[in-house]
Amino acid sequence: MLTLVGTFFVAAVLCAATGARLGARVFAFVAAPMVATATWLALESSGVLDGSPVSQTFDWVGGTGGFALALKFRLDGFGLLMAALVSGIGLLVAVYSFSYFAEPHEPHEPHEPHEPDGHLSPVREVGSYPKINLGVFSAALVAFAGSMLGLVLANDIVTLFVFWELTSITSFFLIGINDHDTAARQAALRALLVTGGGGLALLAGLVMLSQQAGTTEISGILAAEPRGTVVNVAIVLVLLGALTKSAQFPFHFWLPGAMKAPTPVSAYLHSATMVKAGIVLIARFAPAFASTPPWRPIVVVCGLASLIWGGGRALRQTDAKLALAHGTVSQLGLLVVLVGVGIPAATYAGIAMLLAHALFKAPLFLAVGVIDHQLHTREFSRLGGLAKKWPLLAAASGCAALSMAGLPPMLGFATKEKALAALADSDVSWRWLVLGVIVVGSAMTFAYTARWWMLIFGPRKHEHVHDVATGAKPSAAFVLPVALLGFASLAFGLLSTPVGNVVAKMAVGLDPKAAKKLSLWAGVNTALILTGVVIFGGLAVMKFIAVVQRRRDVGHRIGLSGEKAFDRSYHGVISGARTLTGAVQSGSLPTYVTVTAGVVLAALTAALVSGMRPDMSGVVLANSPAQFVVAVLAFGMVIGAAVVPRRFAAVMLLGGVGYAMAALFMMYGAPDLALTQLLVETLSIVVFLLALRDLPNSFAAPRRSRSKMLRLAVCGAVGVGVTMFALTAGTQRVGQSPTIQYEQLSEKAAGGRNVVNVILVDFRGTDTMGEITVLALAAIGVANLAAAVRRSRRHQMARPVDAFNPPNEFRRSSSSVILDQVTHAVFPVILLLSLFLTFRGHNAPGGGFAGGLVVGGGLAIRYLAGGNAALGRLAKVPSTHIIGFGLLISVATALIPLAVGNSFLESSIYNLDLPVLGELKVVSAAFFDLGVYVLVIGVCLAILTQLGDHRSAPELTTQDAS
Amino acid sequence: MIADVASTGLIVLGTLLTLVAALGLVRLPDFFARGHAATKGATLGLALTLSGAAIQMSDRGDVAKLALAVIVQFLTAPVASHLLGRAAHRTGIALSDHTVLDELVDEPDPTFVAKDLK
Amino acid sequence: MSLALSILTGLLFASGLYLMTHRSLTRIIIGFGLLGNGVNLLLLITGGPPGEAPILGRTGELADSVPQALILTSIVIGFALVSFMLALAWRSWTIDGSDDVEDDVEDRRVARAVRRAESDRPDGEDVESMDPSSPQQSTS
Amino acid sequence: MNVAPIVCIAVSFFSASLCIARALRGPTVPDRAIALDALVVVLVNGLGIMVARDGDGLLVDAILVIGLLGFVATLAVARFTESRGSS
Amino acid sequence: MNVPGWVAVACYFAWLAMWGDISVPNILSGIVAVAVVLWVSSALPTSAVRHRLHPVALARLFGHFVRLLVLSNWTLVKTSLHPTPTALRSAIVAAPLSQRSPLVSTIVANFISLTPGTLTLDVRLDEPDDPVLYLHVLGFTDVEAARADVAEVERWVLAAVTPRTRTDIADGPHRATVEGAIP
Amino acid sequence: MRMLLPLPVAVPLIGMAVSLLAVRHRRAQRAISSVALVITLLASIAILVNVTRAGTAVTSLGGWPADISIVLVADRLASLMLLLGVAMTSLVLLFAFGQGGTDEASPFYHPAYLALAAGISLAFLSGDLFNLFVAFELLLMASYVLVTLEGNDEQIRSGTSYVVLNIIESVLLLSAIGLTFAATGTVSMAELASRLAELPEGLRVGLNLLLLLAFGMKAAVFPLFFWLPDSYPTAPSPVAAIFAGLLTKIGVYAMIRTETLLFPGGQQGLLLIVAGFTMIVGVLGAIAQADMKRIISFHIISQIGYMVMGLAIGGPAAIAATVFYMLHHIPTKTSLFLVEGIIERHTGTSNLDRVSGLLHRSGPFALLFLIPALSLAGIPPFSGFVGKFALVTAGFEAKQWAIVGVSLLASLLTLVSMTKIWVGAFWGKAEPAVTDGEPVGILRSNKLMSAATIAVVGSSVCIAIFAGPLYSFCESAARELMDPSAYVRAVFGR
């Protein structure tokens, strides 16, 4: 069965691929899998009807850990009926489509500008349908057929849901196939969202049911008949899915809109098959769940409401197709009541009527399609008198119409009789109320059916109808599907007893007690009398139809209410989304930061609430008086940096804080940190000034200070929280730091006495590798932005470019002889010191970082002395090469051990005994540090040259976008 | 012992000189006067302290480095005050009321506008 | 644990975060500078008590070397971030003569669309606008 | 003998706070810059005191590094102040 | 390599000083390190003016320097602790120089900054103007005294560090590329 | 494994170094990037195969004992994420080659991109909390360079927000790690697994919340997602694609580690609320937008909510669902951004008001959008359906009705916004009109971009087709995650 379903999707791919080339012939690909299915059904039918269903399971996601998805199919009698309808009508629709899309109407201007379309304009332009993309259309159509087949065969909630949603999706594409039409797009969207949303409710309901029943198999769930609150909720959800799919009141509104689709789609999806999915579901579940509290009220009320509303609306339509669409809502309402009420006889009648409905509704739609296709109109006012012109069409439509009206000797009559009888004979207390409504609904059905046929085929009422005269006669192949289906209503009606017996075997699949009989003549009984009432009532309605039509169109307003409610909620969602998003995603960075700080505060508060308390016994005011004093001084500078309204002052105070930090590091026993901090702070000040030199010294006045107190409060509270947290975490250690092992291993195994440096280049060298890469990235990021500045300068030489005046480019007098001379003296010393620090770092404070930063400081001095010119040839070396080289050294040093079977970054110690040098210890990690040194130099050079003197900075871009 | 005394004396003296520099920084009336304090006091003060420290060092390398640091301080301190002073003058920072003569003429620059420099 | 340094850490966090709630990118960067110092201090003081520099051969209780290594990494990363952000500020300045971080244009558009919709369409029953491709939805 | 370093350090802190006061008060950029420069000198001075007290060479490198590079920040402020004043 | 030999020697000693002991590895690595450093430094633009050093005069210069440095600090102590109007009387004076050597002028300028009551603000050696040193005087008495101080210092320095190329007023450093061209 | 595990980190870094040396030669840079990523990809495949066969792989870097050095740990989750990450990075690189403009705009695209790849690999593999921080910084810094690659007005403005907010995140993460070290004396995740449990309640909650906060910000959960929708849309498409597919998932990955290894079951109630809000606010944000890039950017947030939902529900079933959801989301989201990139290149805009009728330009291209779009909306039979269904089932099993309801509602809203793109951009009159001559097929106009996109969409489809074996892999991964002691055993060999 999976293969069979699969062939539809293969056909869909073929259709999509060849649709443009083959034109209407592409429908052969649509027909092929239908034929295959029909053949398969024929082969399986005898066994299935004898009560031995065919099953197949395909495990999609295996169930080792409890979660499993399986595609499970089961062909029982009811499934056979539905599959037969899907494939049989599908085949006819495919044949029909070939004529519908191919015959005389080649578009005048193929695939050219698409004129704005007039929605359901009374007279459409010739060839407006052939403009649709036949590849997409046929692919969606055949994919739909496959999905529908999968749906009716599904025996697993996952399988059911998969195909359920697929039918919604394919229906979306089919309704919106004429996508230049705004109304079609809207209709498609409404249909998708209503049925898709219902599908999600269905999913939830099914999962709940399956968990209550302990199985995902539908037959298993039905057999388990779970009960309880969860089940009641689940049932509501399942019914929500079913009623939306079957366009039942109050979700009916999408169906008339769906008539935007080409007629074959309307006939196939929106009358014969897809809308029946809900009926199928209700029919399957009714025997097991009709007795749950929510079931009957929902099913009966919605069904009857749809019956009456649809009938009323159908009477008022002036468009032949819309009249049928409303009729579909009405008849589906009746079907819902019948299959859902949970009375075996009614179930039987419902299934028979389902067959009858498919047989009469599809040809009626197809007939409208023929007329529309030949005459380019569906307006009753422009039609009439077609019986003489196209008698075959009229006769076939007539048979179908009679069946729809429930008149003998059609199948529709037999089934309606059975339905009335089933309800009348049942023992439910409210049967007469239901019957009454059904009678009224049936009378309306009678009336609109008669009206429909008479207005099209009956004698003309309007003399100005000239369209009819111009229409060419439809080809035989075009009318054939209509005729076949129309006359089937008659034939099946005449053969209603044998047909009824087959239907009985099918109904057993749902409910073993539903095996009833069908006949044209069951004697004079309640049902027959009621039919008489229906006919009489119908005639009365026809008589007074003009009166009815003149009255205020209550039905229209009620009918629109669903659509309006939907559109309102759609708009509500959209505008609500905008309001919410406008509020949450304000686009303002200060707000974002404040909110983030607020969340941090909340987290800290939560920690305090759940008992985060410092152990104050381990807390002293300060570790030393000096530390206390430095802390106080730093305190002052922090406040200063935060409040001073001037850029340079703030930068300098930040620098002061940095130096204070260095002092604290020093006192804490962290000379490496102090050294690095000092260097970094110094370089930071230079970079700050380089970047900000042109900005006004004063900060712009804050735009709104309303929030200032709030921001201060939040941030201040975060500060308090952090202090609390620090005191808590710092006084309650549960484990030991690995520093002890590091101290033991540092010299023995790693060959260095400076533990911090050994950690950096060896124990935790990977951190360092990442961190130098971060540094390299920062440098190339700076260079990249500098290149962007240069690009924009070259393009727009307006302000603030003119105001821009780098320090070394103004008057010669800005150079300083003194600075030049001192720089010359100091620079070599700086370089020597850097080399010293780098190589000494393994044993004493220093290392590649510190060394590289010292060089950076030296470069900064030179740069400040005279801009890039003072860097001489150094400024011409692309700093990226230096960076790349340094990175290469470091990473290669880390990788080489892998080649000799050691670990990544594993360092080796070589004790060399050289003739002159004596014993020399070489640690391979030193090369790693050398790479760091080189890289840091490159980074400093890049930042200085790129951020500093951008006019003379070396161009690092390969080509400038121009 | 003598070394200890000498060292301590030098350090105390040096520290007091840096204190004088800092005092001058606070008490003197204009930027240029403060520049005198910062340059002279700090330089000699630091030189004395580092010399005092050098006496205490056993490692020759450390002594050498301290000496180097002193030399570097003599080289760089005047440079800093020179550049800051020139910048201050060019940007039109007010001289104190005690100033009687200003012979330094910055190059005429028609576009010169003193920005807010505070 | 040093209370003075704990409080200084809290102050660095508070003032750093506060500066980062400003529009001026310079202030934000200075705020980050303070915040970065705060984190480093946090790591230092919570990582263990002060001691001798962790260099072998020295007498006395050595300070924990691990937080020092972590802080060193953090200092360098902080420098990288500050440099990059300064370049951003500079670039921003060359674009519009300010280092202020402006609100996001698209976000403002959405917010404006809300206000306009409220004033324009008191009772939004416009069936056309259900279609996303129709101009009703555009928020320009 | 032990008192002297402590007194010296205390004096250094007083000097440092004076420098910081000037840095906070300004009123001009060069004023702040020279204050910061002096602060660095006070810091190095403090390091010198500690070096002498402990006879420990660990901090000597730091002294040399600051001596060589401590004026870079001042230099930068001076250069950029000048360039701004003359635009 | 465009670097004077004494610079290389100074660098080498600085290297040895940093390591603090004279071992074979340090001696050898010093050669490499100094070579690298000077190579990198030579990639930077340097002045073309060469000088001759006079050790005795250098020592005398150093003596003057120490004396005046101590003196200047004494003055500073007085001024800082007791800033009288006389002590605060200030002036910015332009003092003419007699040569254009950058090195000599720099030494003069630094000397001036560290001597009593004077602080170098700027040195201008560029042609066509006369070379001049601007200084800020604290405790100002008269212009000529200040100028005389500068001239005296310049004499001391020129005695110790003599430009080998002509660097007098008539001929600026930019043209002075031929060695030993002193008339 | 000692050989293999470091390669996904080291090889891109070597590539970055060489790429920096070749900064003036774009073709060389392309070759370098390709070679580096192919080697990385092969290594990742080898790692996954090894891990599947022989269980969690561990190597301690530097050859030191595991308790004092940084370890790289590849369990099932890590190796799966690693492979996905590297595969996406490689395919998106291919796309970037085709698109051209990105690496022409700046010679730093390639180095930064390779650094990003290294950072992603390290983030997945690292078994050390501080090293994880370094990995985050690495990939973040690379992302800073990449979001401001062209340095134009838009990128600077949005890039600034991105950088500032992510820097705050970094500070938070570092603080959390520092405090964790303070409380436990270690940053090794395996060591932490046991030590954290010994901490007093308040401290543990605080650390847990701080870590979740930092990772949650990275993952863009409510209410910390602001940075994402403002920054991704302005980035170049190939950059946005890789960010969208991967970066937030690294945050989720870290959250999973936090909640399974460090603080098992720590903050489920909180996460449940966060998940619900993230789903709904994210998808409503998408609905509010008129620009395709922004719509799909907001979708990321919403879908992060699903992943957090599984994490919040907890238990092997829900965690497996989350892992599968991540597995599905990475290629699917990436492909949507790539599709958007093609649209933008073809039409010059991503604004729905200006683009329409793409279906009529190229049906196959429309399919390339449709598959990931429907997949993200959870429409069967695509991969997203499997993920969502697994989450919903797990939610029902745990009786978390509310979150399941919210997730289904979010699903419907996702469908709403996806149809908005479809209706807006794919239906209707083909606009803007093609200016230069013949309307060329969208896919044929740039074969490299198309091939990359098709490959990514294909991988998304394959996830649906092979959902069976993949899901059972995810279940094994979840079982591993539910047993922290196995992780500790693997690392310490005890």
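Just so it is clear, A, B, C, D, E and F label the chains in written order, and each chain counts residues from 1 on its own.
Please note the rule applied: contacts are C-beta pairs under 8 Å (C-beta built on N, C-alpha and C of every residue); 3 or more make two chains touch, one makes a residue touch a chain.
Since we're looking at a predicted model, the values are computed, not measured.
Peer 1: Identify the chains adjacent to both chain B and chain D in the sense defined at the top.
Peer 2: A
Peer 1: Considering only mean CA positions as chain centres, point out the chain farthest from chain E.
Peer 2: A
Peer 1: Using the stated contact rule, I'd like to know whether A-F or A-E comes out ahead in C-beta pair count.
Peer 2: Top pair by contacting C-beta pairs is A-F.
Peer 1: When the centre of a chain is set as the mean of its C-alpha atoms, what distance in Å lies between chain A and chain B?
Peer 2: Distance between chain centres, rounded to whole Å: 68 Å.
Peer 1: If you average the Cα atoms of chain C and of chain D to get two centres, how far apart are those centres in Å?
Peer 2: 30
Peer 1: Just curious, how far off is chain E from chain B if you go by their C-alpha centres, in Å?
Peer 2: Those two chain centres are 16 Å apart.
Peer 1: With centres defined as the mean C-alpha position, give me the chain D-chain E separation in Å.
Peer 2: 24
Peer 1: Two or more other chains touching the same residue: where does that happen in chain C?
Peer 2: Residue numbers touching two or more other chains: 17, 20, 28, 42, 46-47, 53, 55, 66, 70, 73, 77, 80-81, 84, 88, 91, 95, 101, 104-107, 110, 131, 133, 137.
Peer 1: Residue numbers in chain A touching 2 or more other chains?
Peer 2: Counting only residues that touch two or more other chains, chain A contributes 185, 189, 570, 574, 578, 581-582, 585, 587, 589, 593, 649, 671, 683, 690, 694, 697, 722, 726, 729-730, 737-738, 742, 763-764, 767, 771, 774, 777-778, 781, 785, 788-789, 792, 811, 813, 816, 818-819, 822, 826, 829, 833, 844-845.
Peer 1: If a residue has to touch 2 or more other chains to count, which residues of chain F qualify?
Peer 2: 130, 134, 137, 141, 144-145, 148, 151, 160-161, 164, 168, 175, 179, 181-182, 229-230, 288-289, 419, 423, 427-428
Peer 1: Quick one: in the complex, what on chain B touches chain E?
Peer 2: So the residues of chain B in touch with chain E come to 17, 20-21, 23-24, 27-30, 32-33, 35-37, 39-41, 43-45, 59-62, 64-65, 67-68, 74-75, 77-79, 81-82, 85-86, 89, 95-96, 98-104.
Peer 1: Considering only the defined contacts, which chain A positions touch chain B in the complex?
Peer 2: So the residues of chain A in touch with chain B come to 646, 649, 696-698, 811, 813, 816, 818-819, 822, 825-826, 829.
Peer 1: Going by the contact rule at the top, pick out the chain E residues touching chain B in the complex.
Peer 2: These residues of chain E touch chain B: 14, 16-21, 69-70, 72-73, 76-77, 79-81, 83, 85, 88-94, 109-110, 112-114, 117, 119-123, 134, 136, 138, 140, 143.
Peer 1: So in the complex, which bits of chain B are touching chain A?
Peer 2: Per the stated touch rule, the residues are 68, 72, 75-76, 78-79, 82-83, 86, 107, 109, 115-118.
Peer 1: Across the complex, what residues on chain F touch chain C?
Peer 2: 130, 134, 137, 141, 144-145, 148, 151, 153-154, 156-161, 163-164, 167-168, 170-171, 174-175, 177-179, 181-182, 187, 229-230, 233, 288-291, 294, 352-353, 356, 419-421, 423-424, 427-428
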